[in-house]
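Just below sit the structures, each encoded as structure tokens.
In the two complexes that follow, chain A is the common piece, with chain B as its partner first and chain C second.
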Partner chain A sequence: MTKPQVLISDPSLRDGNHAVRHQLQASQIAVYCEAADAAGIPIVEVGHGNGIGASSLQLGESAISDEVMLSTARSHLKRSRLGIHVIPGFATIQRDLKLAIDLGVDVIRVASHCTEADITQRHIEFSRTAGKTTYGVLMMSHMTSPTGLAEEAKKMESYGAEGIVIMDSSGHFLPADVADRMKHLREALNIPIGFHAHNNLGMAIANSVAAVQEGATIIDGTARGFGAGAGNAQLEVLVAVLERMGYDTGVDLYKVLDAGDVAEKSVVEVVPTISSVSVVSGLAGVFSGFAKPVARIAEEFKVDPRDIFFELGRRGIIAGQEDFIIEVAAELAKGDSRHKSREALATNVIELKTTRAGNEQRS
Partner chain B sequence: MNNVANSPLRRDLIPLLEKCHQNLSDLKKAHVYIVGGGGFMGLWLTEAITALNDEFGFGSRITIQTLSDAFLSTYAPHLKARQDVSVVCCDCRNTVVPESTQYIFYCATPTNPLLHQSEPTETASIIVDGVRAMFDSAALLPDLRNILFVSSGAVYGSQPFEMERRAEDSFQSFDPSVLSNSFSESLRFAEAISTGYRNEARLPVVIARAFAFLGPYQLPSIAWALHNFIADAIEGRSIRILGDGESVRSYLYGSDAAVWFLRLLVNGKSGDVYNVGSPEPIRLVEVAEIVARRFDKAPSVTMLAQPAHLRKTRFVPNVSRIQHEFGVPLSVNVEDAIVKTIDWMLTTRKCLI
Partner chain C sequence: MVRVGPVAMNKIPVAIIGSGNIGADLLVKVMRSTLLTCTAFIGRNLRSAGMLKAQEMGVLVSAEGIDYIKNNPTCCKLVFDATSAQAHVVHAETFKALGITCIDLTPAKTGPMCLPCVNMAECLSELDVNMVTCGGQASAPIAYAIGQTQDDVDYVEVISAIASRSAGPATRANLDEYIHTTEEAIKKFSGAKRTKAILNLNPATPCIDMQTTVLAKVGSPNLEKLKPFLAELVARVQRYVPGYAVLVGPLIENGRIVVTIKVKGLGDYLPAYAGNLDIINCGAIAMAEEYASMWLQRSGDVKKERLV
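Moving on to the complex of A and B:
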């Protein structure tokens, strides 16, 4: 009897770019791509942390251009397919998508905030028309209900997405949350579904397992968990666990372990750990990629970064709204928001969920 | 005129019309108003009526009402240029049918699944408000003979895979609180409205529940599986099938569909409902193989990963009612239909480059 298959997608060189302030170098991309390719990792995703076209003053400038990143990766991937993360708005069709396709990208994952699938229509259509494997990605998926998530995913399916991946961008989910969402997606869609974990609450592998058990067949994992905030599901562990569960990933276990070593030696500045700020980020439901700028700005304004996270969570701030970090820090420094965020800290999840429900009604 | 007479579309239509033009004699000198006529159904119906005019001296007039005439101008300029065809650009919700009209063919239902998902309230408005506007206007006509309202097989709900063909009386319920059901729910309501107008305003209304069609006036960019296959093949790529290719569809070719619709428009009895589509099932993997064979350098056919939750689907009508009552033809088999469609797409593409 053939084993059920899970498609592994590895965004170490994209999500990991968050962890190094988007400073990955071409030499690091080359060495990791060679290792990943040798391990038979099906998809290797490369780019700025927020995807192609996102290098900017607000989000952080990449050390090297998208063109250099993608062409370097392309020349070092023989078996693995080259993937990119695309957020419409940051990435334009004319400037970024066409370039990426010309450079030989195979897999295009078009992403939006979990309630804004509508903005992905043109990019998904363009990618499909260009004949590229095209997935839809819903980020910050804890910020809407399972039903809402399924409705947005259905839109992406209607635009031509060939699979839908939901991202637990702030590492907020527990396994039961993931299972519930996967069940809704499975019932609504007729295309493969997938999951991208963050490890803020130490649940990345458990959540990925819950996703697979509820029918997900596309799972993201990064070498040593190299990703924003507390990192992602650790790829080497993920492959081992899935193998133990009886799934076929097509990935060579020894070689993916080697790839992890290569990454630790040559790519990962600091192996992700679950810092106190990451725990708060996960509880507050704030994008893991905020960890670095929050730490820096907290230091600058002499405020507790955990207060910043809870206040950002209370306001429902999402990726792309990085400028709010300074606003919140400034208010905290003046004492304006301290009371509210302390309250949020005390009652954290309950208050946050209430606020988010309100935001959802307005969105 | 010679070009039109020799066109592949006309060649497909003439043998069919030769067999049934006498049944359509009430159409002579009549004015047919087509709401939503700028797409596949409306243009094929116009092709058929203009063929009746040219070949059988019908002397009918056609008005095509369409939101935009861009598609018509690009892909059917020969129809737009004709004396017996006029074009009105207008949202179906603002329909005003002229007094001279005898027959109304209503095919303004938006078929793009993208619109259904992204703008469900707009979709519902187009379907429901559009049909109401048409009926309100039709109620004022002094010499109206028949209205054919083209609904969809989607009103039945998802077809169980084990149900070979879907008959007109085989309704299933679906959950209206599920967003993806809003299209079907709106169409059901539109059918209910048409029943209301038939009763209250004594309007003559026939309902056609459309299934899947194929032929010229469809572009490879349509977001349906077959058209994705054709688009892949035209671009020289591997044809990709989601799942195992065991889902089942059927396709009625444009010339057959035009004649079926014409028979219902002219000969259908008010209050009657008919499925319109091909009863011949075909698996998607077979469809992909037919598409691949059409190309000299046949593209490969790739099955994408099939998670356990992917459901095999079926969308095939039982058309024994319309076949029994009208003896409508099935003159083009699915393989020929696919080839004809690809040829039209390739020819059109060359002309437009």
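Moving on to the complex of A and C:
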């Protein structure tokens, strides 16, 4: 009897870029790609934290260009496929996607906020036409209902996506939330489904397990959990847990453990922990990538970063809206909505689970 | 709703092609204008929400698309194109051949880019002007102010957030064109060496108002010089977009100049949160009225009133 398979996708060199303010160097990309390749990691994703074309003042400027990142990775990956994350609204086909394809990427994951799948159509179609393995990604997936999520995933499937990955970008889910969403996706779709965890509430591995148990066959993990905020599902642990559960990942356990060590030594500035602010960020349902800019701006405006996170959560701010941090901090500094946000959030969290479901119905 | 009567003779006949959110909102604004009147509202589906709105307002509608203009070349002197970038490229040929002035609300940029608070007068000699994008209309005045008052403008970045419900299918399919056109406009109006545009669609309920942030890296920021220039320009925009206001800044954060604008709409077709409709449509109407008063003045019908 053959073991059921799970496809491991490793965005250490993409999500991890959030944790180092997008300052990953070519030498770090090279050394980690070699280690991941040796371990037989099927997909290694590389880029700015928000994907190609996202280097900006808004999100943080990359230390090196997309071109250098991707060509460096390309020359150090022999067996592993090279992946990228692409968000329409940041990256365009002409400027960014064509370049990435010319540089030899194999896997293109086209992402949108969980209710906005229709903005991915042209990028997905372009990527499929170019003959690249193409997945659809729904980010901040706690911000819509399970049925809403399934409807958006179906749109991506209709554009040509070959699999759908949902991201718990805020680390807000508990295992039952993940299982519920996976069940809805599995029933709605005829393509593989996957999950990308964040560890703000300490659930990254547990949530990944819940996803696999509900039929997910693509799971993201990063070396030492190197990713935004509290980090992702730790790759080395994920591989070991899946092996114990009886799944075949094709990844060499010793060598993935080695890759984790290489990452800690040469790539990861600070091994992710669940900081006080990360707990609040997860609870508030705010994008994990906000951790660094919130910390900086809270200090500049002399306000409590936890208040900023609760207020951002109350307002339903999504990934990419980093400019709202300044506005919120300025308002808090005036003493306006301090502490009110947390109370309001209790209502908002319920709203996230119920009324946002109706949001997909747009003109 | 429809104002007809003695003044109608002094109005310029205009057509609107594209019956989505932008087109329907433009229609309401045109019908309120003392200088313009809508003689044809053109789309492809008589049962679409925009078409029903036009019929309800008593405006002539057609589902023939560009063919209506080809078959009725004298129906209008000016046309607003609110279709899509791809469609406008084709339409522009027809309008040119027929000598119809076109205000393009798609990001196709077949004609020069128009920012009414800055270059309205020079656009009047053109037959096809481009209204850039909603984010461009909101951010370019700020970028222009930065370009005029700061030395060594290296980089300007503009980020807009709009409510999901305010973005119809053509807007969603045109995100790449939105980005390229906005970036080109910011470069043109600020003189920056590098520019970047980002668009976020936010589905939060209640719907968020349109908000645009401009971030700039300049040699050595001079806020004292920027503030009065910016205030003057904002006041100029407010003359045609009353809901345009500075929310944050100008301030310096992390070495960058930061200005955030909020745009509340007039609530003509979509509710007031859709400032993204108003910022581009009010600009287009201001431009159309400028053409109209020029033409009417030439024919001696009306004294020229400058709007900006």
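We adopt the following convention: the second predicted complex is superposed on the first by the 341 of 363 C-alpha atoms of A that agree within 3 Å, B and C clash if a C-alpha of one lies under 4 Å from a C-alpha of the other, contacts with A are read in each partner's own complex, and residues count from 1 in each chain.
Just so it is clear, a contact is a pair of C-beta atoms (placed from the backbone, for glycine too) under 8 Å apart; a residue touches a chain by one contact, two chains touch by 3 or more.
It should be emphasised that the depicted structure is a prediction, and the values quoted were computed from it without experimental measurement.
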(message) Let's test your reading of the overlay: on chain A, do chain B and chain C clash or fit side by side?
(response) fit
(message) One more residue to check, A:Gly89. First (chain B), second (chain C), both or neither?
(response) second
(message) With both complexes superposed on chain A, which partner does A:Asp102 reach: first (chain B), second (chain C), both or neither?
(response) neither
(message) With both complexes superposed on chain A, which partner does A:Glu299 reach: first (chain B), second (chain C), both or neither?
(response) neither
(request) Would you check which partner chain A:Gln58 touches, where first means chain B only, second means chain C only, and both and neither mean what they say? (result) second
(message) Quick check for you: in the superposed arrangement, does A:Gln321 touch first (chain B), second (chain C), both or neither?
(response) second
(message) Between chain B and chain C, whom does A:Glu269 touch in the aligned arrangement: first, second, both, or neither?
(response) neither
(request) Please work out whether A:Asp261 is in contact with chain B alone, chain C alone, both, or neither, and reply first, second, both or neither. (result) neither
(request) Have a look at where A:Lys155 lands relative to chain B and chain C in the superposition and call it first, second, both or neither. (result) first
(request) Classify the contacts of A:Asp248 with the two partner chains as first (chain B alone), second (chain C alone), both, or neither. (result) neither
(message) Between chain B and chain C, which one contacts more residues of chain A in the superposed model?
(response) C
(message) Rounded to whole Å, what minimum CA distance do you find between chain B and chain C in the overlaid structures?
(response) 5
(request) Kindly list the residues of chain A that each of chain B and chain C touches, one partner per complex. (result) 118, 121
(message) Taking the touch rule as given, give the residues of chain A at its contact with chain C in the complex, in rising order.
(response) 56-58, 88-90, 92-95, 113, 115-116, 118-119, 121-122, 143-144, 296-297, 300, 315-318, 320-321, 323-324, 326-327, 330, 351, 355-356, 359-360, 362-363
(request) Show which residues of chain A lie in contact with chain B when the two form their complex. (result) 4-5, 7, 117-118, 121, 128-129, 131, 151, 154-155, 157-160, 162, 186-193, 215-217
(message) Going by the contact rule set out above, which residues of chain C touch chain A in the complex?
(response) 20-21, 49, 155, 157, 159, 161, 164-165, 167-169, 172-173, 175-176, 179-180, 196, 198-205, 208, 211, 213, 215, 217, 247-248, 253-254, 256, 258, 260
(message) List the residues on chain B that touch chain A in their complex, please.
(response) 113-114, 116-118, 178-180, 221, 223, 228, 231-232, 235, 237, 240, 242-243, 304-305, 307-311, 313
